[in-house]
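Shared chain: chain A. Partners: chain B in the first complex, chain C in the second.
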Partner chain A sequence: MKYDTIIIGGGLSGLMAGVKLARSGSKVAIISSGQSALHFYSGSFGLLGHAGGKELLHPLEAIGSLPAGHPYSKIGAESIPALADDAKRIFADAGLTFIGDASKNHFRLTPLGLCEPSWLTMDDYATCENPSETGWRKATIINFKGFLDFLPGFLADGLKKHDLPCNYAEITLPAIERLRRNSSEMRAAAIAKVLKGPVLEMLAAEINRAAGDSDVVFMPAVVGIDSEQPVRELRSMVIPKLLCVPVLPMSVCGMRSQIRLRRYFEQLGGTYFLGDNVTRGYMEGPVLKEIETANLSGMSLQADNFILATGSFFSQGLAAEPDRIYEPVLGADVEAPADRSLWCGKSIFDNQPYMQFGVVTDRDFHVMFNGVPAGNVYAVGAILGGSNPIREGSGGGVAILSALQVARNIIAAGRADMSEAQA
Partner chain B sequence: MNHCKEHYDIIVIGAGATGAGTARDCAMRGLSVLLVERFDFTAGATGRNHGLLHSGARYAVTDQESASECIKENMILRRIARHCVEETGGLFVTLPEDDLGYQKKFVESCLQAGINAEVIDPAIAIAMEPAVNKDIIGAVKVPDGAIDPFRLTTANVMDARNHGADILTYHEVTDMLMESGRVCGVELREQRTGQKFRVRSSLVINAGGIWGQRICAMAGIKVNMFPAKGALLIFGHRVNNVVINRCRKPADADILVPGDTISLIGTTSSRIPIDQVDRMDVTGEEVDVLLREGIKIAPCLAYTRILRAYAGVRPLIASDDDPSGRSISRGIVCMDHAVRDGIEGMITISGGKLMTYRLMAEWAADMACRKLGLEGRPCRTAEIPLPGSETPEPETGVRKRKSHIIELSTDQKAAQGRHGTMSAEISYNADEDDALVCECEQVSVGEIKYAIKKLHADSLINLRRRTRMGMGTCQGGLCACRAAAILRDETGNPPAALEDLASFVNERWKGMMPVAWGQTLVEAQFMTWLYRGVCGLQPHEEACECETNENADR
Partner chain C sequence: MEYQIKNISPNNLEQCIKCTICTVYCPVLAVNPDYPGPKQAGPDGERYRLKNPEFYDAALKYCLNCKRCEVACPSNVKIGDIIQTARIRYDKRPVSLRDRMLASTDFMGKMATSMSFIVNTALRMPLTKSVMDLTLGIDHHRSFPAYSSETFESWMRRKAPDQSRFPRRLSYFHGCFVNYNNPALGRDFVKLMNAIGYGVSLLEKERCCGVAKIANKMVDEARRDARLNIGSIRKAVSQGRPVIATSSTCVFTIRDEYPHLLDVDNADVRDSIQLATAFINRLVDEGRVKLVFRKDYRRRITYHTPCHMQKLGWSIHSVSLLRSIPGITLVPLESSCCGIAGTYGFKKENYAYSQAIGRELFDRIIEAGVDLVATDCETCKMQIEMSTGVKVENPVTILAEALDVEATMKANGVI
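Up next, the complex of A and B:
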């Protein structure tokens, strides 16, 4: 089978590249092994939250001074605002509503009640422009009885630091009680599956009763696993402002994002191979000709361009053995020392060198094999080296913007080819 | 927890197995006892070993005295600490590269020490323990087992408390109170507040392990300890059900011990300077040796995930004041400093091993009674079971709300395994009590609350040692947050709760760092993503000096 572009990896960066290319009329396939880092998503994407040990309010101003190897430097600071706007449009078309703007960070509320700078946050989530002036007067925090993955105590502690008085109320519903019969069923995704239709009406009534005179209600982000619709319904029935706060994984809004982006990609004509793994790639000189996958045994897939969007160690895009770090799918060059004593730092909260390891690319994100850039293989997202997504608060931004940049370049090159042919 | 009297008969320093056992023994003999510990129970060598219920076979050839002490204590612990012991049995196997001639001498020495060692066909050994290397050329069956040092120590502390002892954890001895050349108490510093105060006693028993040298120095007493560091690796699941030893002269990485959900390979042995005993980093070389030798015993270790690495210090001690260390002993050393150094009021109990903690406690308590002129108070610790191990078989907690469940749930069974008869005290009454905090190790909300209320636990690291929460495959990835929320609500100390969470997560990381490749690195990246990324957690203050956070624990 022949595609214009095949994307290996169906997480955030793979889907963004896929959607962007499919929107331009390309024939695109995504090969996804299943779960992605999106399933562990906080509800927000960061562009650049921290740099030089400081919290940033205006990320675009700091992007220019990042090191040359940083993915943002390769994209070019001047291209970022346009790509960021493009990302918002794509999300909206996929049915995902975000608030936020690249020119100025807002703050998201974390599960521990802390405030972290962010670029885009799902609009049902709790955010503020300025943690010391939230504009809220009095809050009620609600949780479901027996749900341990939401941390109302820590949330209240965090809000109290910003002078917001909080009530706490535990609620339950018959549908939730049924889940509770099995002690390992009280997890976010299982709850989200029962919160729909008439159950939402009962939930709204309970929330309204618990809220009293509060002007804002915080609840665990466990509504709307495949679309925003249930959250909208619930919010329309709750009298105070209703805001969601992230819970421990699995992330319901992460699943929602994954599902919406995938559906949108498929609506645009894209092909999504779910639960498949690339087993082999055939290179001819610096060009990747075709790949084979585990499920399509004996049948190879060809494409003009390939995008490697397999993520970092966590997503198996990179792998570590005691004496080497390598890229397991295509065997691309990886920038990482062989000496494992150089991989890690002593405190988990300090800089961890391994976080910045990744495949080697040129400035256009062409992947290098034995020191030579492959003309038709690109890398996007967390598999790229040169940034520390956690410390910088840049993981979402790098995934989204590198994907859109590569897609844009592929589209532009295709147009150039076409006009050449016409000429 | 902070309450204590002005004067005690005995102050025991150090809540490792020996100190806890000594406190229990003294308290059972009717003495008033204060047990002080600078961190948590088992924070030193007790929590940093194999957890092997030695048959004594390992020492039979080189040290008959230790071997025969071990087998006697082995049999006693099976009775009095039933809930801490797994009767797995053990094998001493000869690999093709080892000398099969050693086996004969080994078996003879075992029998001489009273250890039931039986030569078996290697094929039978492989059938007994399929994880063992199939190329073995010899096998001997011995009565080894596994023992959980955390439960053992906690049960001793709890029973000391049941007999009236007071317990102060996170209290460091900063000075000895001396009056006319005799020890008459200690100055303590509460680690979390820095507050200092004095407590007096008729006698001080120094059970400080390797840190006992420092305690002695405070009283102007010189003892020579020889710290020997031993590193171990924990594997992500229980690859063997029978303890496997190499049948050769004791060397690096020749024992593989199953324990709960995991298996442990160890140890290395290296002399370190005494001023390094608080820094127990596991080196790359140590990891390589442990893996290389471990794979020879059980080849599946080559492709089993390594959960973490940690190291402890054996408190080897010269039995007199010989500074050269030639008279070093692995046996028990119980010193009356009045006799040895002319300083009245202090006993040091050291040397020995986890296996002989009870005997060491007995010796120390015997000496204490003699010195206090209290005759006719015999030791009863070899007969009276520890809390959790009383017979008859435990009456188990039954879920009231879930009357349709007749069998115990997995977490109830796990709790029963961990706490023995004490598990009956775990409440399943409240609505959320059966919710699972730690899925890897099946720890419920009820068990966490029980540990906070009854097992002297007020931090996440304490809770891990009491319940195994966070010791499983995800290394606290999710349960730490859940447990932190319970701890926050139970103790009502919000700022400390976040610091505590950061400290717990970082301790887990430190044990993963030396083996951070493969799935372990994946897990570490997930933990970092979740705690630093999604949750925005970071420690605000300098690492709290009040925990042994410097070193990775089990």
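Up next, the complex of A and C:
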């Protein structure tokens, strides 16, 4: 089977690259070894929240001073605003509504009641422009009886620091009581599956009763597994402002993002192979000609371009053995010290060097094999080295913007080829 | 210092990081709170069971063996295999008469086809359905598929056109459903393969692939059948004939469940066991075969991905072939379980869950407003037809119907 581009990895960066390419009319396939890290999504994407030990309000201003190996430096500070706008358009077309803008960070409310700088946050969630002036006067925090993945006490403690008085109310409904029969499986997704149709009306009534004279209600983010519609419905029926707060995974908004982006990709004509693994790649000099997968063994998958979007250690895009760190799919070069003692900081709160390890690429994100950049293999997303997603609050931004940058370059090169051929 | 570098646990048990992604995609957990879910029933429970088999939980019987947990798992843990292996190893309750009857598709098929008229009439009668419901626990909502008066095998032996005149050969694993209930699909397969230059033969001996016996814990019987099938398959392959089936579940069982659940080694022939659409699409893709379709064939169709097809990762083949028929409008359909899972949905205690699992799919199919649903699985066909009223056919039947046989034969140098 022949494609214009094959993307290995079906999470956020793979899907963004896939959608961008498919929008331009390319024939694209995504191969995903299972469901992605989007299922652990907080509801917000960070562009750059912290740099040089400081919290940032204007991330674009700080991007110019990042080290040369940082993915943003490779994209180039001047290209980022346009890519960021493009990302918002793509999300909107996929049916995902975000608030936020690259020019100025807003703040998202964390489950501990803290305010963290963010670039894009899903419309469901609690955010504010300025943590010292949230505009919230009195809050009611609600939780579902028996739901253990949301800790209202922590949230209330954090909110007290913002001088926000909080009530707490526990809600239950017959549909929720049924889930409690299997208490250890009562997670966000299980609740989201029953919160639809008439159950939403019952829930809205309970929330209104519990809210009293509060002007804002915080609830665990457990509504709307494959669309925003149930959140909208619920909001329209609840009198105070209703805002969601992230809970422990699986993240309902993460699943919604995954489902929506994949559906949009497929509507654009893309092919998504779920649950398959790339078993080998055939290189001819610096060019990857074709790959083989476990499910489609014996059948070659050819493409003009390949994008490696397999993620970091968590998604097994990078793998560690006692004496080496490597890229397991294609065997690309990885930048990581051989000395194991340099991989980790001593305390979990120290800077962790392994967070910055990744495959080696040139400035256009061409992947290096034995020091030579491949002509048609790119890396995007968490597999890239040079950034520290946790310290910087940049994971979402790197995944989205590197994917769009590579897709843009592939599209531009294709156009150049075509006009050359025409000439 | 010595390290254990590679994971050495069976079914990748140790690779589970307890992320719970599998539980989100389990069709059973969403409707039945008495099922512990794939994570608990699989890798979590296995840690206990390895210490003491007493920890075996009888609720594992609610697992459909759809393998959607495995498809979702980002860590490649064979969750479904862990659950099914545990059922086989630890569930010591005797197999009921009902389960034996449902699982013995070969035996029941042989009996029923020999007096198909009487059996079909009887099985359609409300009284029979009530009696089976009360005495056996086979849900009265279900209709058994009609039995054919002539098996596919006997048609092949007596009536099929001469197969030796074709330049290439293959063996057909028809499966029980084609043999006893839907021989028309087998005839369509022969028509299609003949048109592209393949002569079709039966295997020397064929028994049920064993999927129903595995699901109903008749493992010794399933293993006996599996060994016999693999023996026949080996013989065909050694004579240069790949073995092709039209049922995604038969193919999945023979390729993957034989070694994983029954300890029947098939490594030497596994690659030669293929699903019809995968086999044909590969030939088309490589430019070795050309299909020519009738100009007057017009249908609005959607393709339903059976769970085992999802696990195989092969729906691309069926979809690509259907898309290549010019007169077909293919409406996309999101993949989800139809709920029947072979014999599972026939059991009275599972019927309500079975229908609840499939509800979403049924609604989407009805909404799609199609003439026909295409799918590679026979029990999905029964379930979707019963629950939506929309006709369901195997892609092979649709291809055979849309095919311009003469033009295809010419294009492939057969005539």
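Here are a few things to note about the model shown:
Keep this in mind: the second predicted complex is superposed on the first by the 423 of 423 C-alpha atoms of A that agree within 3 Å, B and C clash if a C-alpha of one lies under 4 Å from a C-alpha of the other, contacts with A are read in each partner's own complex, and residues count from 1 in each chain.
By our rule, a residue touches a chain if its C-beta (ideal position, glycine included) is under 8 Å from a C-beta of that chain, and two chains touch if they have at least 3 such contacts.
Not measured: the values here are computed from a predicted model.
Look at A:184: by the touch rule set out above, it reaches both chain B and chain C. Once the two complexes are laid over each other on the shared chain, residue contacts for A:249 go to chain B and to chain C alike.
Legend: residue contacts after superposition of the two complexes on their common chain; A:321 is shown touching both chain B and chain C. Put chain B and chain C next to each other and count what each touches on chain A; the higher total goes to B. When the shared chain is aligned, no partner comes close enough to touch A:282: not chain B, not chain C. After overlaying the two complexes on the shared chain, residue contacts for A:263 are found with chain C alone; chain B is out of touch. When the two complexes are overlaid on their common chain A, residue A:111 makes contact with chain B while staying clear of chain C.
37, 40, 181, 184, 249, 316, 321-322 are the residues of chain A that lie in the contact sets of both chain B and chain C, per the superposition on chain A. Chain B contributes residues 284, 288, 402, 409, 411, 431-432, 434-437, 439, 444-445, 478, 481-482, 484-485, 488-489, 494-495, 497-498, 501-502, 505-506, 509-510, 513, 516-518, 521-522, 524-539, 543 to its touches with chain A in the complex.
Remark: chain A residues 37, 40-42, 110-112, 114-116, 145-149, 151-154, 157, 180-181, 183-184, 186, 246, 248-249, 312-314, 316, 319-322, 340-341, 343-344, 346-349, 352, 354-355, 389-391, 393, 395 touch chain B in the complex.
Taken in their complex, chain C has these residues touching chain A: 3, 5, 19-21, 23-25, 29-30, 33-37, 40, 70-76, 271, 282, 285, 310-314, 316, 332, 334. Listing the residues of chain A that touch chain C in their complex gives 1, 33-37, 39-40, 178-179, 181-182, 184-185, 187, 189-190, 193, 249-250, 255, 263, 266-267, 271, 273-277, 293-299, 315-316, 321-322.
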